[in-house]
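Just so it is clear, A, B, C and D label the chains in written order, and each chain counts residues from 1 on its own.
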Amino acid sequence: MDKGYKKGTITSNIEIASNIYELKVASSFNSPFYGEAGQFYMLRAWNGLDPFLARPLSISNIMDGEITFLYQLRGRGTERISKLKSGDSLELMGPLGSSFNTNLRGNVALISGGIGIAPLVFLAKSLKANIDFYCGFKDEVYYIDKIRKYSRAVYISTESGSVGYRGLITEIFNPALYDIAFSCGPVGMMKRIVKMCKGKIPVYISMENRMACGIGACLGCSIKTSKGMKRVCKEGAVFLGEEVFYCD
Amino acid sequence: MDKGYKKGTITSNIEIASNIYELKVASSFNSPFYGEAGQFYMLRAWNGLDPFLARPLSISNIMDGEITFLYQLRGRGTERISKLKSGDSLELMGPLGSSFNTNLRGNVALISGGIGIAPLVFLAKSLKANIDFYCGFKDEVYYIDKIRKYSRAVYISTESGSVGYRGLITEIFNPALYDIAFSCGPVGMMKRIVKMCKGKIPVYISMENRMACGIGACLGCSIKTSKGMKRVCKEGAVFLGEEVFYCD
Amino acid sequence: MIDMRVNLCGIEFKNPVIAASGSFGFGREYSEIFSLSKLGGISTKGLTLEKREGNKGIRIYETTGGILNSIGLENPGIDYFISEELPFMIKQNTVIIANVGGNTVEDYVKAVNKLNETKIDMIELNISCPNVKEGGMAFGIKSKTSYRVVSEVRRACKKPLIVKLSPNAENIVQLAESCVKAGADGLSLVNTFSGMAVDIKNRKAVFDNIIAGLSGPCIKPIALRMVYEVSKAVDVPIMGIGGIMNYKDAIEFIMAGAWTVQVGSANFIKPTITLDIIDGIKNFMAEEGIKSLEEIRGVI
Amino acid sequence: MIDMRVNLCGIEFKNPVIAASGSFGFGREYSEIFSLSKLGGISTKGLTLEKREGNKGIRIYETTGGILNSIGLENPGIDYFISEELPFMIKQNTVIIANVGGNTVEDYVKAVNKLNETKIDMIELNISCPNVKEGGMAFGIKSKTSYRVVSEVRRACKKPLIVKLSPNAENIVQLAESCVKAGADGLSLVNTFSGMAVDIKNRKAVFDNIIAGLSGPCIKPIALRMVYEVSKAVDVPIMGIGGIMNYKDAIEFIMAGAWTVQVGSANFIKPTITLDIIDGIKNFMAEEGIKSLEEIRGVI
């Protein structure tokens, strides 16, 4: 029952920046959490059927069977999750989806926008290459300390200019310096990066879509790619950027 | 906003017998709980709409603005309530419905069946008469200590014979000894008591019915009485027994 | 300045939020909780010519995201309403809509004749109650029968006439069109969906009538679709009903073509929920720079 | 001894729980989680003659107690299914039902002709998908059109033929009767309800197609009522579908007249929920001393 339902117990759930939470969940019994960078879990953190569907969150870390999620409060589901206290239990299904290839060397750029940092922290930890981490935020920055641990250099931008470069992260990222790039963030940002890297270096991105089953059965999360219809929850969430943004 | 929505904070929620819980709720701000014996509150102890409707529970005590409910785990709603821990908050509407007349003297019988003890404890406390409390249970008994405090005598029956008289409480209750009786419990029991007292003494009973609004607007809880249709949540839950069980 | 007013069939509502029939009685109980003058309007409990006791057995049964009800039009009758309830309602400074049910065309006409002589603002003709065995519902299924009932009532009715449509109609758009052709000044939709539940322990239907009426947020997506379709097909104003729980739901209905909304089951979740909805609509309009509801009505 | 078997149109199901079309793909993903041989059967994702990419835009939208979906019959086409998916499915030791969609009668007939030559156990004709613009749904609304489609397919079909009914039908009982007259060996109901949602921030419909299909426990009371009504009207076996989340819901459908049940959206709540339902039915039968499902089928 690999992708079966697991019960987990919250060990901590802390607001680390406004509307940004770090959630740690211990597995119960002898079924430790596992998974690779880019993979995700579906979380049900409420009794009953309101909300109806589970919510996907990327793995931000796994250590000693304990899993860490980093999430942004967006709507009803994440609000519910944000109310959980340590000791509370929840249900999880995973790990799901494809993962980033971590078996590579050379100069690697990780580019995150906002909460897109969540899967990339785990990727940074998993990579054994030279990592330059570019993280863009609106105003408040978070998780920078964790990132520094795994990165050669960290570049920060904020739209407000409160920290680092004032502007968009895409304005300070230069593909020419790298062998490969990984990105997660708003679609607009990822599109821009894929365009910048086109013909130069490969970019892998982590996509989002509304999900029902999370395991590839309902086709609710299918997107059109240059290689045909692909399920974000199964063939993704990690895709080669140019396969997803293949028009213009 | 008398019957408006109040927020309350759980001060304790303890299983005092198997599937029987005592819940204490402190009012928030300066809007203390109040109400009279026989009245009830509608409780919503969950976020979201599952379960959809609030659940009615009778007042078992009110002291210093704190309210006590005694409830039996029956289905999804009471299960949710049973999971609450102290410090958790919930929403309440009340006090609702009619109350027992506590302004009387003489010899009074209170007859409860199972969890029907819940409103009668508060009635016993509120009465300034000579109270004989008859309580019937299936097997396990509870709340007897509280009852003794307010009663001249306490008579217990259990169907299993584990405590007190083995059999039904109606078998040991004798209307001839009293000026008035009050009863709450299974419909069959209350019917029997009303029949026993017919032409001898008045019996007031506390009825149950499925409720939607709880305030008399939806007519979901209407029952037919000898005086026409009556709403359990508004004209009741306390009724004169013979008005409810008026046939045969 | 945000203008929440809606003028519907010549009657001005101070805001688009109306308490739906059957969820609000005659307003008395809610008036103990808040001032009814804050509401756009109130639709009364369904009235019939004669007093009715309603259905026996279980009347309310919870489902996922809603309730099944089988009240069966319990009401004190039109005469009692006019003498005992209406005077109170009229004083509440909000639009009062008399919701009228019936088993025969004659009953409807007689009830309407009595209401003509009162200060009631509008009449909402319920041709769609699923909980009355003898009839009612039957009128609201087929376009032809509806046409006949509505034309007869139209002839008698001196008040603005809203016809309340059943989602159980064979073809809701055709039904709406035929009601309008028959003289409806406006439409309200939807009433409850025919549904049922089984008591598996006792191996019988939960309701004595077997079939009951489903309401609540569970029906919202379907109700919204029906309002959308009907609003595209007819020219009269529409009151949107079905599972409205918050201001967002209300705005959805308005964008789908509703002029006003009616809130039913949500009143059971929180008695002041209509006020939250009114405030929410106002705030939304302020945030989005919407000056009057017309700007967004039917934008879909 | 508790016997959960159901013989429906000559095919034996080891228990009455079938995974509903569109919620279970071709079983592959779930086979990684549990042994499909435990299921009564599997209805495949809707198949069309040609491969389809499905709809653009948002495809899944949560509602209270359910979901709206607008997948638009994304599927690899009948030929690919037969060569790449069916061999795997056949090996799972459970009943395999091919769910077939289409835009024209000819498409349906061609698809069925191809399936005739395979080891598929039954065919489930989807004349009711609300998510395909060009057609499909149109067949499932009016009894006359349905009669025509089903008779044509019947003539071609060499397998037991189940017709899947739309709850959006003008008259579900008449529709059922005309499908049976046209040669359906059994009926399954219901498919999704036409519903919609509005994105109020952007003032547009959530779905590119505007209308989408509603499923989940929100629809259960209505679906149950339809199964009840249809089962009283026709003599063929019925598969009950709509919001079944647990064994109690399944028993309700069986008591209302269903022979088997299909479980759709519930699979998204917990991937092994069908197994819980099977166990639950078994325990209920044991507790209640029910030896075979026939004892309780249609007791309402």
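Everything below uses one rule, namely that a contact is a pair of C-beta atoms (placed from the backbone, for glycine too) under 8 Å apart; a residue touches a chain by one contact, two chains touch by 3 or more.
On a predicted model such as this, the values are computed, not experimentally measured, just so you know.
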Greatest separation from subunit B - chain, by CA centre: A
If you tally C-beta pairs in contact for every chain pair, which pair wins? Let me know. C-D
Separation of mean Cα positions, subunit D and subunit B [Å, integer]: 47
Taking each chain's centre as its mean C-alpha position, how far apart are subunit B and subunit C in Å? 35
Centroid from C-alpha atoms only, then distance subunit A to subunit B, rounded to Å. What do you get? 52
What residues in subunit D touch two or more of the other chains? 63-66, 216-217, 245
Considering subunit A alone, which of its residues make contact with at least two other chains? 49-51
For subunit A, which residues count as touching subunit D in their complex? 1-5, 44, 49-54, 91, 93, 210-222, 224, 228-229, 234
Okay, in this complex, where on subunit C does subunit D touch? 63-66, 68, 170-171, 193-198, 200, 203-205, 210-212, 214, 216-222, 224-225, 228, 243, 245, 248, 251-252, 255-256, 284, 296, 299-300
In the complex, subunit D touches subunit A at residues 22-25, 28-30, 32-34, 45, 53-54, 56, 58-67, 69, 71, 74, 216-217, 245, 265, 267-272
Residues of subunit A touching subunit B in their complex? 46-51, 76, 80, 83
